[in-house]
Amino acid sequence: MTTESMSAETAARGAPLVEMRDVSIAFGGIKAVDHASLDLYPGEVVGLLGHNGAGKSTLIKVLSGAYKRDAGTILVDGREAEINNPRDAKALGIETIYQTLALADNVDAAANLYLGRELRTRWGTLDDIAMEAACREVMGRLNPNFRRFKEPVKSLSGGQRQSVAIARAIHFNARILIMDEPTAALGPQETAQVGELIKQLKAQGIGIFLISHDIHDVFDLADRLTVMKNGRVVGSARVADVTKDEVLGMIIMGKVPPGAVPGPGAI
Amino acid sequence: MKFKTLTLLAGALVMSIAPTAVLAAGKTIAVSWKTFQEERWKIDEAAIKAVVEAAGDTYVSTDAQGSAQKQAADIEALIGQNVDVILVVAYDSDAILPSIQKINDAGIKAIAYDVQFEDPNALYITFDNVGVGRIMAQEMLKVKPEGRYAFIKGDKGDPNATFLFQGMMEVLKANIDGGKIQNVCETFTDGWKPDNAQKNMEQCLTSTNNGVDAVLSENDGMASGVVAALDAQGLAGTVPVTGQDGDLAAINRVALGTQLVSVWKNSTDLGTVAANAAIALADGADPTSIEGVAKFNGGAKGVEMNSILLAPTPITKDNIQVAIDAGHITKEQACAGVAAGAVPACG
Amino acid sequence: MTNTTIGGPAAANENAVQRFIRALELDTRMLGMLVALVVIWVGFDIASGVMRPGSGGLFGGSFLTPRNLWILLVQTTVIAVMTTGMVLVIVLRQIDLSVGSMLSVVAVATGVLQVFELGPMLGVGHPVIWLAAVVFAIALGSAIGFVNGVLIAYGQIPSFIVTLGGLIAFSGTAFLIASGVTVAPMDKTFKLFGGNGPAASIGPIWSWVLGAAVCVMIVIMIVMSRRRRIHFKFATKPIWAEFLTGIVGCAAVLGITAVVNAYPYPPRVAERFALDNGIPIPPGVEDRAGTDICMAGEKVVSCLDGLSFATGYPIPVLITLAVAVTMTFIARRTRFGRYVFATGGNPEAAELAGVNTKWLTVKVFTLMGALVGISAIIASARLDAATTALGTLNELYVIAAAVIGGTSLAGGIGTIYGAIAGALLMQSLQSGMALLNVDSAYTNILVGGVLVLAVFVDQLYRRRVN
C-alpha cells in the first residue's frame, strides 16, 4: 500500500482524533522515545507493538499525561493540546488502562472508579451511595458476577481488578482509550471478553490505542499497527497489508516490509 | 537562719580573696565554656569577666558548642596562648581528662567550674548539689514538721535526681522514722518534664484522695506541674511545694504563695568566687590556702580534690528581694498578681 | 471489612457470632481494642483496691472512679488531638517526627505573646488576649506544618528527614523564643482550655443536653443512611441490628455523660465556688471519704451528704471530641480524605487518576500543624505555663497511639477513632501505673511492650482476615 492510498483513506475518515508529531522524551540522557509520530482516528484500533523497552509504554504515557514530553506536539481534534499531567489528558477525553492497572488497592471498587472525579452531595461531601450505585451498574455490564463492592480491591482476583480498571476508563465517556497490555493478567475466557468489549467501544466511535507484545492480539483486534524499536517508530501499516512474519521482522530487526510506511527507526 | 550564714560565708570568700587579686595584674584567665546555648552561662561569664578585669587581668574564652572534640581543641589553643589559669566547664567529665592532663603538663592551673572532672590537681568550684535537697527539706520542715509528703523526683537517668533525694532524706529521716512524716507518693519524672510531673501529681492526689500535706518537687519546672495539679483540686497555696533553679515563674509563685521555696544557685556568686580563686591561683597561691577550700571526694570515681562548695540561696516569701537586688528578676515579674501587703518585697 | 450483600461468597459457613458481627457491620479490630481497654481498667481498679482498700472504685480501687476517669480523659487530650492528624500523615506513607518540638515552639511562642506582649499592652485579662492566642497558636502550627509539607512534597526531601530536622531545630527555636525561661501564668480565659477550675467544664445540665443531642444525631444518621440505601435498592442491615447499634451508641454516650457528671468539684474548689456565688453550705458530720462539703460548726469539711456540684464535660475533652468528629468526617466523607487514603494505598495510581499528590501532601502536613497548635493550647493551658520541655518526646506517643490504633506504617490504612482509642489505652497504662505508684521505668517498659504487642496482634488479625 502506498502513502497516497493511506491518505485517501484518511480523507474518507475525516480528521484524526489524536496526532502525535515528533514526540521525544529522555530519562537521564537516555532517549526513551525519539521523534515518534502516531495518529488515531475515531472508531479505529491502532496496535502498538515492540519489545520490552521499545518505548511504546513511554510514548503512550506522554499522551495520558503521566510523563511530560521534552519535544514534539500533540494534536487532539486537530488542535494543539497542552498535556502536562493526567488531569489535562482526562479533560480531553483521553482515558488509560495501565498495565499495572493503577488501582488504589486499599479502597473499594466504587472509590477507584471515581478516583479523581468523585460524586458529591449538595453539601460537598462524598456521595458514596450514589457512587456505589453507579459502580454496580457499570460493573453489572462488564462483569455480571461481580459482588464484592464493599471490599478493598486488593482482595479481588486479577480479572476482577482488570474489570474495575476498564470500568474506570470507559465510564466517563472517553473518546480516546489507551489500553496498555489489557489482557496480560487474564485467562482465555476473560481475554475473549476484553476482545468483545473493544469491538463494542470501536462501534461507538471511540479511538483505541492497544499496546501489546502479543502479535496475535493485535492482528485480531487492530485496524492498523505501529512498531517501535529502541525508542523509534520502525514503521506503520494496515493490518490487512502485512503478515505476522513481516511484523515480527519489524519488531526484531527493524526491517520494513513493502506493505508498511517506514518511520525514522527503519533500517 | 542557716542560708544567711552561708550567704555571708560566700561574701567573706569574695572579700578575702579580692585584696590579693590587686597584686596580680597582667595575668590571663581563660574559660573553656561547654556551650553558650544555655542562657545561664552568660550570667556566669559576666561575673567572671567583671572580677578579672577589675583586677587588671585579661579574660579570654572559648565556646565548645556542645562538642567534646571542639572543647579538646579549644583547650589546646588556650594552652598555646600561655594563659595562667583555665576554668573548664566540661562538656563530658571523662572525655575532658586528657585535656586536663595537658593543662597540668604545661604548668597551668585548672579549675573545674560547676561541672566536676576528677583530677586531683584541679580545684573544683560548684554549688553544693546534695545541699539543695537538704535546703528544700529544711524549708519544708519549718512549715510542715509532720504529715503526708509526696516526692516528685527528676529524671531517673540523672544522678542529680538521686543526690537531691538523698539530701532530702538526710534531713527528714528522723521524722520519717519517728512516724511523723509519711511518704505517700514517690515518683521519678521522665525528662524532668512539667507535664509529666502534673500527671504524676494528679494520680498521687487521686490515689490518696487528696491526702497530701507537702510536696517536695526537685525543680521549679516540675513544681509548675505540681501546682497546676493542686490548683485543679483547689489545694494550690495550702499544700506547700518546693523547687529549685530560681525560675522567674517559680519566684512569682513563691510571691503568690503557691510555692514555698525555690532554691536558687546565684550564678553571679559562683562566677565571682571562681574568678577570685583563679586570680589567687594565677598569683601562685596554694589551693588549700584559698578560703573555703575543703577536700571533696563525692565524685563517681572518688578522687580527692580541693573544692569550694557554695551554698545555694533558698528564695522564700521573706527574701524575694535578694533575687530582685541581684538583677535576676524584676519586681514586676516577681510580684505579678500579688495582693498588696502580702509579700515584703512586693510592697 | 464486611460484606452487606446477602448471598455473597463470604456468607457461607459462618457461625452465629460471625453472623451477628456481620449484621452489625462491627469493626472487630476496634472491638478487640475496647475489650483490651476494659481489661486494663478493671485490672488497675482491682490492683489499686488491693493497695489502698476502700477507694470507691467499681472494683474497690481508685481507677474506675468518676474522678480518675474524668482526669484520664483530660490527660489523653493532648496526644489524642495530634494523633488524629498523624493518622492521615501515616496513611499518606509519610511520618511527622517534629510534632513534639513543634508543640514546644507553638506553646512557648503563644505564651510569650499573651504573657509578655499582649498582657502588658492590653492589660492582663483583656478578652482579646485569649482569642488572639488561640488564633495565633493554630496559625503558627499550620504555618510550620505548611513549610514541612512544601519541603517534603516540592523539595522532595523524605518526610523522615525533614521532620527529624524539625524535631531537633524546633526545640532550639522554642528555647530561643523565651531564652529558656518558663512562661507563666497564662491568661485566665485561655487557661479554661486546660480543663482546670469550675468554669472550664460545662456543668451537668449542658453535659446532659450535649449527650442527648449526640444521641439524637446518632439516631438521625442511622435513619438517613437506611433511607438512602433503600432509595438505591441496596441491601440493608436487619432492623434489629439498626436498633441495637442505636441503643448501644446512645447508651455509651449517655454513660460517659453520667460518669463526667458524677465527678463533683473537689471540696476546696466547691467551697470557694459556694462562697463566691453565695450558696449556703448545709451543716453535716465530717466524713473524709465523702465528696460533698458540709459545715461542721465554723469549719467546712468533707461529708457524705451535703453540698456538691457536678463537673460535666471539661472543655479540652469537648475540643478533642470535636476534633475527632471533624477529622473522621474529613477522612471519610470528603474528597480530600479519599485522596489521602487512595494516595497512601498507591501513590502512582492516585497521581495517574489526576490527584495532585504534592499539594495533597502539603495540605496533610498543614492540617497536622494546625492540630499541633490545638494541642499546644490545651497543653500550655493545662499546665498554666509554657516551657521548652512541654511536648518533648510527644511525637513518639503520638505515633505510638496511631499505630496501636491500627494505623499501618505501610500506608493506606488507619482510622481516627482507632488512634484515639490507642491514645486512651496508652494514657490508661501510664495513669494506672502512676496510681499504683510504680516507678516510671516499669511504665515505659510496659508501654513499649504494648506497642509492639499491639502491632503483632494486628498482623495476626490481618493475616487471618485476608
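Letters A, B and C mark the chains in the order given here, with residues in each chain numbered from 1 onward.
In the analysis below, contacts are C-beta pairs under 8 Å (C-beta built on N, C-alpha and C of every residue); 3 or more make two chains touch, one makes a residue touch a chain.
Just so we're clear, the structure is a prediction, and the values are computed from it rather than from any experiment.
Enquirer: When you draw the chains as points and link the ones that touch, which shape shows up: line, ring, star, complete, or other?
Expert: Shape = line; chains linked end to end, path left open.
Enquirer: Among the chains, which has its CA centre at the largest distance from chain C's?
Expert: Farthest chain from chain C, going by C-alpha centroids: A.
Enquirer: Need the CA-centroid distance for the pair chain A / chain B, whole Å please.
Expert: 75
Enquirer: Round to the nearest whole Å and give the separation of the Cα centres of chain B and chain C.
Expert: 39
Enquirer: Report the inter-centroid distance (CA atoms only) between chain A and chain C in whole Å.
Expert: Computed value for the inter-centroid distance: 48 Å.
Enquirer: For chain B, jot down the residues that touch at least 2 other chains.
Expert: None at all.
Enquirer: Could you list, by residue number, the parts of chain C that touch chain A in their complex?
Expert: It is residues 1-5, 7-9, 228-229, 231-232, 234, 329, 332-335, 338, 341-346, 348-356, 412-413, 466 of chain C that touch chain A.
Enquirer: Under the stated contact criterion, what part of chain B meets chain C in this complex?
Expert: Those residues of chain B that touch chain C are 37-39, 156, 185-196, 198-200, 202-204, 206-210, 220-221, 224-225, 227-228, 231-235, 238, 247-250, 252-253, 336-337.
Enquirer: Mind listing the chain A positions that touch chain C in their complex?
Expert: Residues of chain A touching chain C: 64, 66, 85-87, 90, 96, 98, 100-107, 111-112, 115-118, 120, 124-126, 129-130, 132-133, 147-152, 155, 168.
Enquirer: Chain B touches which residues of chain C in the complex?
Expert: Residues of chain C touching chain B: 48, 51-52, 55, 62, 65, 67-68, 71, 75, 78, 124, 172, 175, 179-185, 194-197, 265-272, 288-289, 379, 382-385, 387, 389-390, 392-393, 430-431, 434-437, 439-441, 444.
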